[in-house]
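What follows is a set of structures for review.
Across the two complexes that follow, subunit A remains constant while its partner is subunit B and subsequently subunit C.
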Partner chain A sequence: MPKKILVIDDDPNIADYLTTIFENNGYEVCSANDVNTGYEVAKAEKPDLVTLDLEMPTEWGPRFYRKLSQDDELKNIPVIVISALSGNQYAIQKAAATITKPFDRDELMKIVKDVLME
Partner chain B sequence: MFKDILFGTSASPAGDYAARVAFELAGRFDAHLRLVHVLGVPSRGFSYLAEDVRTGEQVVIDDDYKAWVEEEIKTYYAKQLEKCNDYSIHVCVGHPHREILREARNSNPDLIVLGGPTEENEGSAYKKIVAGSTIQLVSKSALCPVLLVSRPAASFWGGISSVVFGADFSKASDAAFKFAKKVAASIPGCELHIFHAMDIGPVHTGLSLSQEEIEDKIREARKKIRHKYVANLEGFEKYSMEVWEGLPYVEIVKFAREKQADLIVMAYSTKDVDAENARLGSNMEQVIMRSTCPVISVNRKMAKN
Partner chain C sequence: MTRSLLIIDKEKSYADALAAFIERRLFEVHIAATQDEIMVVMDHIAPEYIVSATNLPDFDVIGLLMGFKASMPMLRIVILTDPADRNDVMERMRGDAFGYLTKPVNSTELELVLDHARDWVHLQKKLNKYTNKLGDLHHANSLYQQLFDEVPCYISVQNRQFRITASNRMFNIHFGDGVGECCYEIYKHRNGPCTVCPVAETFEDGKQHSTEEIVVSKDGEQFHVLTWTAPIRDENGVITQVMEMSTNITLLRQLQNHLEFMGMMLGSMSHGVKGMLTALDGSIYQLETGLNRNDEKRTVNAFNTLKQVAERIKKMVLDILYYAKSRELDYQVSDIQEFALSICSTIEPAAEKRGVEFVSQIRESGPFDVDPNWFQSAIVNILENAVDACASDAQKSEHRVDFEVLADGESLIFKIQDNGIGMNTDYRNKIFRLFFSSKGSKGTGLGLFIANHVITQHGGNIHVESEPEQGTAFTVRIPRFRSSEKKDSEHYLRPWSKTDRRQ
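For the complex of A and B:
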């Protein structure tokens, strides 16, 4: 059974690009364009990994992580931060990895496989 | 909650993280954002020559130069200003803390936002652990709360929904509590965590305490929190209270990280009465420099008000 990745990004181009890369690499993908929808999708889909943008309308990425980490069912899902903001590696202390946009797809897949321990 | 925010900026990378918070807060609270840039200190008294803080060059200060600097600021923050509906830019000359305080006296903002130190000794141990003089002096004398962002980690929260109030039971701390409560009460769903760190460092206690003594003191502090603060939380439900022992600034930073807090409110409680040479209390200073969220300083002048 393929592993499932939840992509949370308010930029549809980035979300589509990430979805395509992950699907081409054999993963099942679900996505959300804001924090609240992302949390609902995470509850419903129980993904194996979340990729998370930082700056989004209404709520920022760290708030999603706070909700996730306070939910007993979801708190152990690893999160990879994908953002263009400077200093992004400090945004979520317990994130599994941080990737700066624009990113290299091979580098991204290497990190994803590493986080998923494949 | 915030209708007028004064952002003291050097319009350089040192202020980028504070800018992120200032613009975000202004947008979220629909506030007027007042960008104040002090472009340099006159070489002497009323000299028309000053050293530009951004370029380091000696420049002739006149209206043309100020207009040029204002344009530079607009260019530097172009992306943020695109989304900012209500802002003004103020360029002035002088000592940064005096000019920021002067502008604050004139405009009476609800909040002053300042960034990390801008000293040239990038990467030095001094810069990593010591708050800059502007932070120190504005925090000491401002008549409104001062929000400080000294690390990139403190700039990613995008709003306020989990406030840690660092209690030290002083008069200024009472004012800080009132402010923290006001902030938490004004934001639907916001949590307020009342936290006291009991100092058990040998320097302060003079002798090592037994565990029983430590636990007695913790109980005492919890009782104080209940009487002094919780009793004043009429109807406010989303709160918690904790007392931890240790090195106060380390415990506050750890507690805020654990709670994934997006704001710390603390009292500026230095006993130094000389405004020009006053330093923040060492705990406040270290929390500012190490925290993973913005820190708001509330001083004794606010307690009097």
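For the complex of A and C:
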């Protein structure tokens, strides 16, 4: 049974990009373009990992993280921040990892595998 | 100090007696009785005084004396005449003689005349000296006045009440003749003194002070000036006035702002650029995946995305370059109809492609004066935003952008109205800010900022009305022609031009 990754990014091109990378590496992927949809999808799909953009038009990534961590069912899901903001490692300090855009695919996959303990 | 005196008389004994008397008055006395003798003394001694009889035989002594007086204005001649001749002589010599005495000479009278003559010389010399000094002074004064006027700074001299007592020409050109008015009225259009004032500080401590100020010229132009003050003291060393010199550094500041802005822009830009580069990576990867899997649909999708991303990157780079290049407006008189139609032909296809109806009404024709490239890009930018606002709106089935051009007195009005998503007040207040974008990763936050900047530079303004879910209306108002004041005041950009000097 493949592990499931939820991709949250407001830029559909980047969301598709991440989706394709993860699919090509044998994961099951679901995605959302904003924080609220992301939370709904997380509740419905119970992913094993979330990748989260920080700056999005309606609500920013940290808000999603707070919602997630207040939900007993979801609070143990690891979150990897993928953002272009400089200083992004301070935005969500408990994130499993922080990656800066544009990113290196091999490095991304290595981190994902580490976080999923594969 | 001895003074030389020549006695002319045909009677030697009389002349000797006179000489003996006059020598006691500390004169160096020479005697002559004939024309030859006179000429010898005049040539060798050049006496300052002559005491002369009138009745010399063989030659016209009066004529000779008048000739001397004409060539030596400082020569004082005292005439001794017989009472009978006196009137004739006086009639002839008039003021050429310093005094007329009748023979026989009263010694006291002669003494007084000579004293008087001596004082007169003294006074004359003083007068000459002062006249020369005055001439020099006048010369120096006009030299300093010229320096004062020609200095390429605004100079004013102020008293303790900050009243201007003198100002130079550069000052008068840009701020009007301010003598008698207060510094703060002229420079700042204030009713009272400024809280921090270098002139007041100089009155206080007698030292030079400097500040940087923003002042407003008589044409309403804002200048950045660097101001220095220096005390002016009276002969007792008391500060009576203060001189204030201001250098116009407007151009320098403009350049500095521009550079600072560029730095800030590039810094903040990096976020958007990084996002776009990621999207570029992504679409290339998608294309690669499609090709590897031989999945045509995926390949075509990826290719379209790649095109889109490339377009976004291109637009952003152009926005940056657009602002980075020189911001001087290049005014050209253009035709309104032609200008508006060219805008329509840019927007129409883009609107159509996204299912938005584009309606234009160009109600005005004839010439207007703008920088066509800059101004067109500003209007196109607003129109593109209107189309975007429609395309992002999922609630209404039909969308439409209205573009209207009309005249209002000396102004031209460009109205852009859409029935797209609209904005709340918070958004509306931010739209002209740098890097504010409601379009998430699709916007650079530069477009409306630049549009607003360009329109303001044209002396115009943008009015925005918007209602969430209803739509937005932009009203751009610009002067149809540049005002003549604007043209006149442009010369401040040239530091010290020939035109200034002629005024």
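In this text, the second predicted complex is superposed on the first by the 118 of 118 C-alpha atoms of A that agree within 3 Å, B and C clash if a C-alpha of one lies under 4 Å from a C-alpha of the other, contacts with A are read in each partner's own complex, and residues count from 1 in each chain.
Here is the rule we use: a contact is a pair of C-beta atoms (placed from the backbone, for glycine too) under 8 Å apart; a residue touches a chain by one contact, two chains touch by 3 or more.
In this text the structure is predicted, and so the values were computed from the model without any measurement.
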Thinking of the overlay built on chain A, is A:103 touched by subunit B (first), by subunit C (second), by both, or by neither?
second
Per the contact definition in the header, classify A:55: touching subunit B only (first), subunit C only (second), both, or neither.
both
First (subunit B), second (subunit C), both or neither touched by A:85:
both
With both complexes overlaid on chain A, does A:93 touch subunit B (first), subunit C (second), both or neither?
first
Contacts of A:69 with subunit B and subunit C, given as first, second, both or neither:
first
Subunit A residues touched by both subunit B and subunit C?
55-56, 85-86
If we count contacts the way the header does, which residues on subunit A are in touch with subunit C in the complex?
10-11, 13-14, 16-18, 20-21, 24, 55-57, 84-86, 100-103, 105
Residue numbers of subunit C touching subunit A in their complex, please.
270-272, 274-275, 277-283, 285-286, 289, 305, 308-309, 438-442
Taking the touch rule as given, give the residues of subunit A at its contact with subunit B in the complex, in rising order.
54-56, 59-63, 65-66, 69, 85-88, 90-93
Per the contact definition, I'd like the list of subunit B residues that touch subunit A in the complex.
16-17, 20, 151-153, 155-159, 161-162, 257, 260, 262, 292
